[in-house]
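Sharing a structure here in structure tokens format.
Read from first to last, the chains carry the letters A, B and C; within each, the first residue is number 1.
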Amino acid sequence: MVRNLERRDLFKLAGGAAVGLAFTPAPWKLLDDLSIWTQNGPWIPKPLRGDITTRFSVCAICPAGCALRAQCVGGQPFSLFGMAEHPLSHGTLCPLGFTGHHLAYHPLRAVKPLRLEHNDAAVNAVPISRDAAIAEIAQAIQSKAADETIAVIDGRPGRTISLLYRQFLAGLPNGVYLREPSGAGATLDTLQALFEKPVGPLGLDLENTRTLLSFGAPILDGWGTPGRIMNLERNQSQLDAGQRLRIIQIETRQSRTALFANHWLPIKPGTESALALGLANVIVREKLFDEPALQRNAIDFKQGDNRSYLDLIGQFQPERVAETTGINQETIVATAREAAQRGPAIALGGGDPGGGPLGEAEEIAIAGLNLLLGNLGKPGGIVGRSEVPTPAEMRAAAAISPSELAAIPDHSIRVLIMDAAESGNALPWTLIEKKLVPERAVVVSLSPYLAGNAKHAHYLIPAPAHLESLQEIPTLDGAECSSFSLSAPLLTPPDGATEPMDFVRSLATAANISLPGGSAADLLKSRVAAIYQNGQGEIFALADKKLTEIKEAGSAEKLWDMLKGGGCWIDSKGEMAALPRFSMLGKSSQGFEKLSLTVKGRLQPPLPGEYPLVLMPFGWRGAVGNGQVSPLMSKLYQESGLRDIGNQAFINPDTGGAMGLADGEQAVIKTQLGSMTVKMRFDLAVMPGVLHVAVGPAPNGTESAKEIAENILKICQIESDSTWRVTPAQARKV
Amino acid sequence: MDTEPGKYRYGMAIDLDRCTGCGACMVACAVENNVHPAQPRATERTGITWLRVFKVENGEPFPQNRAAFVPMPCQHCDKETPCISVCPQNAVEMDQQTRIVTQVPVRCMGCRYCMAACPYHTRYFNWWDPKWPAGMEKTLNPAVAPRTRGVVEKCNFCHGRLQAARAKAAAAGQRELQQGTYIPACVEACPTSAITFGDLADENSEVAKLARDENSFRFLTRLRTEPKVYYRSTQPFVRQLAESALERLKKEAANG
Amino acid sequence: MAGALALGWYSFPRALYKKIDQPLQFSHKVHTGESAGMACTDCHSIGEDGRFSGIPKLEKCSMCHSAPLGSTSDEKILVEQYVTPNREIPWLVYSRQPDNTYFSHAPHVKLAELKCEQCHGQHGASEQLRQLEMNRLSGYSRDIWGQSISRMRTREDEGMKMDDCIRCHAKSGRVDGCIDCHK
């Protein structure tokens, strides 16, 4: 019986179906499925699935080399923590270490060689084959003029590749091997240079010191191996008050160390040397030192035609020093007495990661203080440590010694190679730039990131990123014992990454220089073999989690395996042979004059009218150089305001108000070198008249290479001693 | 909505004299719990930090100005928990066995009532879909589920680690968790051992002893939320802050 | 109406679920039977850290099957396509749950002493692997919701949704917290 279908029938069917459907499980099932789908949609990243394993390595983000325990899923690390039993790092990892496994995926990471073309303010990155790049660089080397140099900047001297660089440079006419001037190394190296004859590597026996006069060193904020300091602090509770370490932080800025030190001396900017010599003045005047020993050993203590050390510090009476530094006399005298009388004391310089090194005069003054305090070769003082054995085939590298960037002539470098490894400290491009031959210089960066100084390079031959390749961790500057560890890779590098050792070898071949053969691993193995053959020291193996004699390893191969598995080699404390004589004013004939001038501080008041403020850059270790921090980390710190992100400026509220600035607003800082926009923050802890500006990291961490602003170091004045700590500046509203 | 006392009362004691404000706890927490690096436009109010370390100052001028650092995770309020009482979805509950205030982002519908209710401002909203730089999603912790946009998340005292500790104990045939087997990431990460974690119901535990310390205090006790995170400081200016809101105003004004 | 109901009853699951074959046929019965004589825990075990091994990795199969042990075509595929090139077999997991759920075998097997069959049915005695019926919308197996679309279960081991777990927990008097099972 067919009848015509009307619209009404359709509606009835649809309505009936809809109602009927509600009585079936279908819609409820679909709703459930849909909700599951929305919760697990493709827009939500999914963690990897796989076996969970634990692997061990050593962090190589900075030279400290803290031991790592990595939880991995299917071999991919997803969680990094420290290793409590490890004798060097004692289970501590710094915030950078916790996110080390992110660095291989950093947005600024370069995965293949690039030629960088610079037009105006932008950098255009063009892929280039490794061989083509090396050929062009070799060509630049070969076409250098007679007075031009080829230089390598090594952020971590002491590694096997450092020896390879030196051998490469020794084979060139006018090769220059440069180190970054910073950290505990600066104080100890300056001390070394004062002796008539070399004294062998030095270290700081902080574990037994009673007083630490820290001239701006970030002792409690990432200095040295953070775990060493934490361990030291933990052990303090077991000592009587009189025996505990007292840290006296001498620093303009209220850094973390200044905040948590036992005593903070907020000196006026650039007056470290005045205070050091002022303290020396009190110690000498009150005869709190071993005078006969100094008479015997110091060449220029008393002798020198009115230009002796005594004559020098005679100018630094407490009243005068109080005026220069802003620290009152009573405090200066009390501090000097405490350092000299309370037990072993160490004076430490080195500067801080963002503000850079202190300067030669400051370090000589500090070294002189150490000599006056008589701590050399004594427990709790500056002690000797052994040399880490070097394989025979690398000894030729000694042919070329390291130079300081400060010491080489301006406009002399034709080809500059910037090694991948970071010291963790800032190195302003302006400092490097002035050493380059204008127009003709060719700069090569081996950094894994297209950021920081690498942006100024002409070639980027990226090295593998953190945890992607085997790294060597030699003894850290300031350590009391020699040590050696290996950072085993946990990830696979991309094909386009180049091991710096392979780069230098290819370049040597292209430039017809011979270097010892073998891969990076081979050279490291021969170094480990040399350590084993030397037979000294102890090893820490993960398996037993304790230290055993090196002979227990059984063979060089077994030692190699132990080191690759997260162990380390530590030597016992070194002996210090009888000390040669030393000069307290430094070897330069101008030492007396230069040091005398420091009684007024680096910035002679009054400051130029147009620039009434003092700009002092600062930053936290590992976040101020080329090396990047994980975007997660920089964002966390920005959101919480816990750490200062690049181009944030801090000013005293009274000073800020007087300048017409507003808290939290943008401001323009101007110096004689240019101007820069920053975010101004009012901070009661800042000394009036001073502007502290954070050097890094980038606020978001996910900016592209084009977006990252230059950091404040661009407008900081570089002094003749290559320091950039203080710059006259002005600040005004945008 | 009080339930009867559970077997365990997990809580924390944070020694502010030891905290150096390094932020390792904040970073380790974010890594453990798959917190994503927020969008460039995220601010201190819209970003996500399950554990946030605040800087507090004594308000004195230079050079007497002093600061301290206060890590603030969810305080796991034990009594009349504000966020539990307002949630229309039962997306947050007081876990009966451990008395951890557990946030279940899967149930959340994103009304953010709990964020308004929380007096400590330790709840965070996913304003955007989580996005990791290319390849970085491989570093996600499989023990914690990533969240979508539109849900609230907060510290759960590292539930992934609690689950792993329970599984390990069960594999060994144990019904109870041994002391020290369950440690949140922030506790493990702290280089100065400033954070202590454990069972407050156990009188002899480290955390219970620290909670009873004469210099220990909690924040906003006048609200009677009975938070299970105790703080300890010998510095008077820090203790005085306990009864007022943390000075977020300055930061909010600064970062917008 | 009856016709519509019958049509829906038949076609809805067919539309919703997609049948996928396992990459390889595998007989539990053969492996637990007389010739091989393996126990469940030989391949599916709980580690010291409490983690369940799940479906065993290729190396467990390779231990015996480095060369074909039987004469079936699946044996040949196993050796040629997986064991020799050392390629993991992409088994389809019937009990796969979303990322935001957490389930640990350890307390169920070691503490509650449940038998495998209680949740996984007769799978351990199966002669061949059935197809995975994948829900086109959610991506998960039909085993999770259960065979019956209306959730009127006929077998105790049917369904692995939250309610199924809670039902058993309630019977044994266990107090549940969200955090016990959600990540």
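Note that contacts are C-beta pairs under 8 Å (C-beta built on N, C-alpha and C of every residue); 3 or more make two chains touch, one makes a residue touch a chain.
Given the structure is predicted, the values throughout are model-derived calculations rather than measurements.
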Longest centre-to-centre distance from chain B, chain (CA-based): C
Can you check which chain pair, A-B or B-C, has more C-beta pairs in contact? A-B
Centre to centre, by mean C-alpha position, how many angstrom separate chain A and chain C? 52
Note: chain B sits from chain A at a C-alpha centroid distance in Å of 32
Chain B to chain C, mean C-alpha position gap in Å, rounds to 37
Listed in rising order, chain B residues that touch 2 or more other chains are 106, 144-146
Give the residues of chain C touching no fewer than two other chains, as numbers and ranges. 49, 51, 98-100
Which chain A residues touch at least two other chains? 39, 46-47, 52
Applying the document's contact rule, which stretches of chain C touch chain B when the two form their complex? 46-51, 98-100, 102, 104, 106-107, 110-111, 175, 177-180, 182-183
The answer for chain B against chain C in the complex is residues 93, 95-98, 100, 102, 104-107, 143-146, 156, 159-160, 162-164, 166-173, 175
Show me the residue ranges of chain A that touch chain B in the complex, using the header's touch definition. 38-39, 41, 43-49, 52, 73, 76-81, 92-95, 98-99, 101-102, 104-107, 220-222, 226-227, 230, 233-234, 254, 256, 259-260, 264, 266, 630-643, 652, 654, 663-664, 681, 684-688, 700-703
For the chain C and chain A complex, residues of the former touching the latter: 1, 4-5, 8, 12, 16, 49, 51, 57, 98-100, 135, 137-140, 145, 149-151
As the complex stands, chain A meets chain C at residues 17, 20, 24-26, 29-30, 32-34, 36-37, 39-40, 46-47, 51-52
